Amino acid sequence: MKIENNMATDVKIAYIGGGSRGWAWGLMSDLASSEGISGDVYLYDIDLEAAKANEIIGNKYNDLPDAVSKWGYHAVETIDEALTGANFVVISILPGTFDEMESDVHAPEKYGIYQPVGDTTGPGGVVRALRTIPMFEVIAKAIEKNCPDAWVINYTNPMAICVNTLYKTFPGIKAFGCCHEVFGTQRLLATALEEATGIKAERDDITVNVVGVNHFTWLTSAQYRNIDLFPIYREFCEKHYDDDSGKAADDNWANKQWQTTNKVKKDLFLRYGVIAAAGDRHLAEFCEKEWYLKDVEMVEKKWNFGLTAVKWRKQDMEGRLAKSKRLISGEQAIELKKTGEEGVRQMKALLGLGDLVTNINLPNVGQIPNLPLGVVVETNAVFRADSATPVMAGAIPERIYPLIARNAGAQAGVVKAGVEKNIDLAFDAFCNDPLVDIPVADAKELFNEMIENTKKYLDMYEIK
Amino acid sequence: MKIENNMATDVKIAYIGGGSRGWAWGLMSDLASSEGISGDVYLYDIDLEAAKANEIIGNKYNDLPDAVSKWGYHAVETIDEALTGANFVVISILPGTFDEMESDVHAPEKYGIYQPVGDTTGPGGVVRALRTIPMFEVIAKAIEKNCPDAWVINYTNPMAICVNTLYKTFPGIKAFGCCHEVFGTQRLLATALEEATGIKAERDDITVNVVGVNHFTWLTSAQYRNIDLFPIYREFCEKHYDDDSGKAADDNWANKQWQTTNKVKKDLFLRYGVIAAAGDRHLAEFCEKEWYLKDVEMVEKKWNFGLTAVKWRKQDMEGRLAKSKRLISGEQAIELKKTGEEGVRQMKALLGLGDLVTNINLPNVGQIPNLPLGVVVETNAVFRADSATPVMAGAIPERIYPLIARNAGAQAGVVKAGVEKNIDLAFDAFCNDPLVDIPVADAKELFNEMIENTKKYLDMYEIK
Amino acid sequence: MKIENNMATDVKIAYIGGGSRGWAWGLMSDLASSEGISGDVYLYDIDLEAAKANEIIGNKYNDLPDAVSKWGYHAVETIDEALTGANFVVISILPGTFDEMESDVHAPEKYGIYQPVGDTTGPGGVVRALRTIPMFEVIAKAIEKNCPDAWVINYTNPMAICVNTLYKTFPGIKAFGCCHEVFGTQRLLATALEEATGIKAERDDITVNVVGVNHFTWLTSAQYRNIDLFPIYREFCEKHYDDDSGKAADDNWANKQWQTTNKVKKDLFLRYGVIAAAGDRHLAEFCEKEWYLKDVEMVEKKWNFGLTAVKWRKQDMEGRLAKSKRLISGEQAIELKKTGEEGVRQMKALLGLGDLVTNINLPNVGQIPNLPLGVVVETNAVFRADSATPVMAGAIPERIYPLIARNAGAQAGVVKAGVEKNIDLAFDAFCNDPLVDIPVADAKELFNEMIENTKKYLDMYEIK
Amino acid sequence: MKIENNMATDVKIAYIGGGSRGWAWGLMSDLASSEGISGDVYLYDIDLEAAKANEIIGNKYNDLPDAVSKWGYHAVETIDEALTGANFVVISILPGTFDEMESDVHAPEKYGIYQPVGDTTGPGGVVRALRTIPMFEVIAKAIEKNCPDAWVINYTNPMAICVNTLYKTFPGIKAFGCCHEVFGTQRLLATALEEATGIKAERDDITVNVVGVNHFTWLTSAQYRNIDLFPIYREFCEKHYDDDSGKAADDNWANKQWQTTNKVKKDLFLRYGVIAAAGDRHLAEFCEKEWYLKDVEMVEKKWNFGLTAVKWRKQDMEGRLAKSKRLISGEQAIELKKTGEEGVRQMKALLGLGDLVTNINLPNVGQIPNLPLGVVVETNAVFRADSATPVMAGAIPERIYPLIARNAGAQAGVVKAGVEKNIDLAFDAFCNDPLVDIPVADAKELFNEMIENTKKYLDMYEIK
């Protein structure tokens, strides 16, 4: 890699999960749109054919007239090949298949437990974590061996658990986790600002202080220039509690299919005076089941969001596979379309090409003083040449501390279960999860069933 | 007060709630039985007649042949009179009457929420706290004014909230809270030890490390001399999971009426590997409702304990009142009977008459590093001349951290509600309580009803 | 104040010490050169004539052809007038006169104690602090009364003590302290970089992690894009240990008169492996006297820097006064000349006109985990709309911890002395200062003399 | 080992340095005088003959009529033999010989640096540490291998560095360090108490809160029953500042040869309001050289203590060797004489035979919140069955924080030097030591000389 005249060339990116038909294309688009950085992307995937397809697609971006930056794409057969000499590692994998996810999300329904997403917390999140942690151990060890100085960006869920596993396995790793959920809340705040004042603000001109754990993030301040957005947002939430104003605000490429009216978000703000800052579908999963997820009717009628069926994901994937073929054949044209993700901006900042302040997931080293050290938290951080340093985000406000501490602690417990290959430890979190309000014996039955359903990926655990 | 030849004389104790027909008599008995300390007890109670009755009863102890120490008892009309010049202050009050407690405990039942005690946590604990906090603010201010150097021992529930309020109101106070629940667990461990080895151990020769919050206390080590009691207790719990071995172990004067088979305690140990160390009725209230308190049948059939109806408490009080009369008339003889409480031993240690190590409730100054500073926690402490210093109890073990952190945080939130006279803040804890697994709207309805039921004691709050 | 189209207008700045003939002119120049911000500056000074002179000078900047921003300057008679409605408060005062400073700096010389600056630490720093703290208490109270939401930028020394006093007096203040010393080290690193690689870097493209206390700041990392500057700087220090390469690097307007060869800086780096990042004259004052300040010969011959005599400062002030007159009369033309200070950039960032990451002085809330909470430390911070948040700078490296902890602790002690008006407490720091290596009795004699010399400003203390 | 009826039998003690002619005899005497504990002591020493001599002497104690407890003594040839199956390990070694100590103590004198002891801090302490750390690494590894569950009591200096090394080498070790210096201060407080009130108190009825590092320990409270000893001690110090009252108070068997008038102790209390609690000879070594150790005249004439020449130690050792022979031959009778040390009481408490609260040296896990975690500090701790738990000693008072933080930090630095076998790191502490007020070049020369003088024990370091 070289940097000259504000240009980084010969940058090497290793993409683990490089056969992805979503994130990968988004990254290709962002890379092609980014001035001042170019190089090569090595696509590694357990599905080599998928990686090869993406190699073809990726290279087509270079031919677009509006591509300001050229990148070579290379499908590789081994993770070592991808990682050797990498400056950046992007991890975006699907741990297991949608069949496992089907069990994660839907098996609990027979106990009245509904999960809108099921990939982060809740019973589905716990079981998903059990199969993900060993994969991340493999990845962390491979990074330690091949590119210990590379910066590692994780996009895989369960986010906090993945990042925690990387650090537990290779403490010297330079890794962090990224998520766009806070961005949606910034857009919603911009909507409220415009309604109140007529001012149109860019998403990232809404400056916020972030605390919490991924997908259960909260804002303790929100400001647009000299305007404190808290009173404005309060008025907005009160006025639009039941309607769908602000719906479009969260119109992110990644969650367009499952829009909400942000009612959970508004409700949590009105209850606690701190801004809940993730999508409603995620937020609801971290709360007591009776609050937002009592039953399907409550979800859809009262809180105006949907439960994402894994069947839908499977169909959606069919569509993506078809799109992949069309992109390769040329039947469908490649298009440049910025994702709003910050991955490439972060890379540039890490190369020293301009500071960036944004929210990421990192182990707690004191940035949130009232959570245990070592749990992975989401706060703002400063990106500069070869550093991503958390800011002092401050204590979790007293009113929401009970909500967050239990979830942060549970995630740490699941990591311990995974790292020690002790499946019983994971049951602690499973059984105490806010959504699992069933007797322990029932919880055990459900847990065992879900383990059985996904056992193909769990053979490193002793399952009694 | 004077101390000569290992004898403290002229000690002045102020007893707030001195009309009590239970704790007060226990203290009288313990004082009369304790060598090396004598003086006067000033009984203050909002029910002056009750205090006067106890004055008569108390003074009778001096005539017992086995009384080793003489104490003068004096009912006083004002709290200032009781406190002026006090060396020790004992607080043991009933906040409100059993009518309020009836609402606390039973109003939630119509929502399927059952509370075996209802004085510490759960919906009943929260509402009880709201009327208790203002009373403790009055007491703390009176202590600051009349006897700022006195040592203050609280026995009132909700324990952690009462102690926290004392410190919030008068930060220089020398106060702690005492509870005998851990002692019952020590007795249970002694039972297990005897069964395994034939060794008969005294309760306080079972040395333990205590962490947690009052009534949800846990032991991270338990030792009898050179014997680690964890494997012994594990075997005991596995063998006697369903039977009532150990029942007698917890045969404390204060909970004889409501014995359990310690099954919740055993269950929590087998699940978490850390020894839960309070009575089952208390422990269950801190856990997810579905675990131990789903319904009356589960409580009684599966977990073998009972729900203490406030009707029972009222009847029991009738009995106590009658006993008070008989004690005064001489119809019933006064008897010396050690309670097993440590109050008088603590007083002697605070006077420098011998060190004592025991568990008490104090604000967290770091003795439990992974809980927030300032929340009131229960750990061991060293009692010596004019000091009660917590030991470094260590972090809450990862497996039980989620259970404890949320409850410790909720209690801090309720104190904030009480101190700021902001009833809405208390609803946070109410609604997020492990027992309150009902939709927020229902929780609000219940909360409002309970507030209305007890409003006689809540006029310092603005109730909308 | 209004912000529209990236333009802040009607900004009100209160300048305490607004009669200054140095910093004030620098700020005028920076304000006139800064796009996107305009408004009024209210100059308050105990020397009203000086403020009036600066009013005239300041308003002349508006006539310069290259002034991109217009500011109205107003000398005011009271501090309240200056502060009312202020958005920003700049504090840059001389505590006392150069007569007091003469005592601070030179009285110790008869004991063989030489101070190159004498305004931060050392015997001079301690005594200066005693008269400064009461002044800052007055200022903090006036800010609390008149403009509690204003952002307060302090430039006065002793920096850490001034900032600490502001927070101790008005805990809700939004204040920080700024100092350009780190910038000089960034320039030196740029020089080393250029020598090693030919790359010319801007000062603020050298990104650094800052820890320590003001004027005894250290860099635990230094990076230019993908280049780690530590090996480069090591080579530079070894090669140029004795020569004056890099001299020009630190050619700041404010310290041009007292250039060094940075030999102390190089020496400290070679000894400790962490980059000392302040001017040699300051660094030396925080170290054991025998290291760099044993006697004048050592200072000048071995370490190649000079001791700034207060006589020189007095003469320099004559020159400044004359310049002031020439500027007013028009004899000398006003010139725009950027100072390199970051004050105006910080103001813009605080208004939400672009993020800024830079090093400032703030109370420790955990950004340096191994220093006590509350001491004022210098680290990087993020400036954004209405926030200046420290980053997690990390622990002071073990090798330099003993050097820094004692000085940070001493400064906190001096603040306590000043706030409690207990002059004896200040003697703790005085007597234990690294430069004061004389017997305690001699130290006491010297201390008393220095107090006597400056007693005009110390009448709030009881002096025995 | 067995415990029955409050009797521990078959206790196995491994004594590393078992050839000692001082500590060993004291321990023998204490063991023979202690009821309720008996067993065997395995004496390991690099001087096997010395261990054999002690075997003979030790076994003679069993014949004394007043011996209440019998112990078998066994000289062993290897450390493994001594440690296998040990319940307790006592470490009391001389690191190197008095020849090395002669260099430690006297080599610095040519630079005007005088050390009254030279075994803990100062230039002598640093160099002694360098040869001690590798020895303690060997011991810690042998303990991990042979008796990982044993309790380890260290008496060797430099205390904090030895204990720190044990934990760094084998983190699971159950080790602490003991020192009697605080006891002397308790005796002095008892003297002051008697003078003021006529009350005669036992040493351990003076209860104190201890903070600091070994040999630079301080008391933040001191109480005898209901009497606060601070005002009494203040009066005592003021009245007896210059005389030798209290001299006898510190008449410990171990320092009888080198009595002081406690003037340093009194002086530090009068200066700081916190009670310095070690012998004057130790305290002085941690302070700025000019305060108490400027030159021999100041030491002897002004501060009334002596510098212990190593020549004296050599002569004293001659005497001890002769005494050893006389004890073996029977020419001199064995006598029971309690030492006042607490080692055997601690062992009994660790076996669960009664609680004990006393001051020991342990790694900081938060018991002193404003010192870094991991540095070894001296505070009170609770001894109970299989546990020695520090109490929350509280923050180092602000006034003495600068004195203690630098020394605690320096000791941690020396441990790092020893563990990493990097002799240069030790020079940081050497050069910055409060006693080493000489230019760095001179300090380097001295350091090199001292290393050369003791190099026989330093061959694991690379010495340039």
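Brief remarks follow.
Note that the chains take the letters A, B, C and D in the order they are written out, and that residue 1 is the start of every chain.
As a working rule, contacts are C-beta pairs under 8 Å (C-beta built on N, C-alpha and C of every residue); 3 or more make two chains touch, one makes a residue touch a chain.
Quantities reported herein were computed from a predicted structural model and do not represent experimental measurements.
Looking at subunit B and subunit D, no chain is in contact with each of them. The interface at B-D recurs elsewhere; of C-D, A-C or A-B, the pair that shares more than half of its residue-numbered contact pairs is A-C. Distance from the subunit A centre to the subunit C centre is 43 Å, each centre being the mean of its Cα atoms. For the pair subunit A and subunit D, the distance between mean C-alpha positions equals 55 Å.
Among the residues of subunit C, none is found touching two or more other chains. In summary, the structure contains touching chain pairs A-B, A-C, B-D, C-D. Across the complex, subunit D is touched by residues 1, 3, 8, 205, 207, 209, 221, 223-226, 228, 351-353, 355, 357, 365-367, 369, 380-382, 384-387, 389-394 of subunit B.
Residue ranges of subunit B in contact with subunit A, taken from their complex: 271-272, 288-291, 294, 298, 370, 372-373, 395, 398-399, 401-403, 405-407, 409-410, 412-413, 416, 425, 428-429, 431-432, 437-440.
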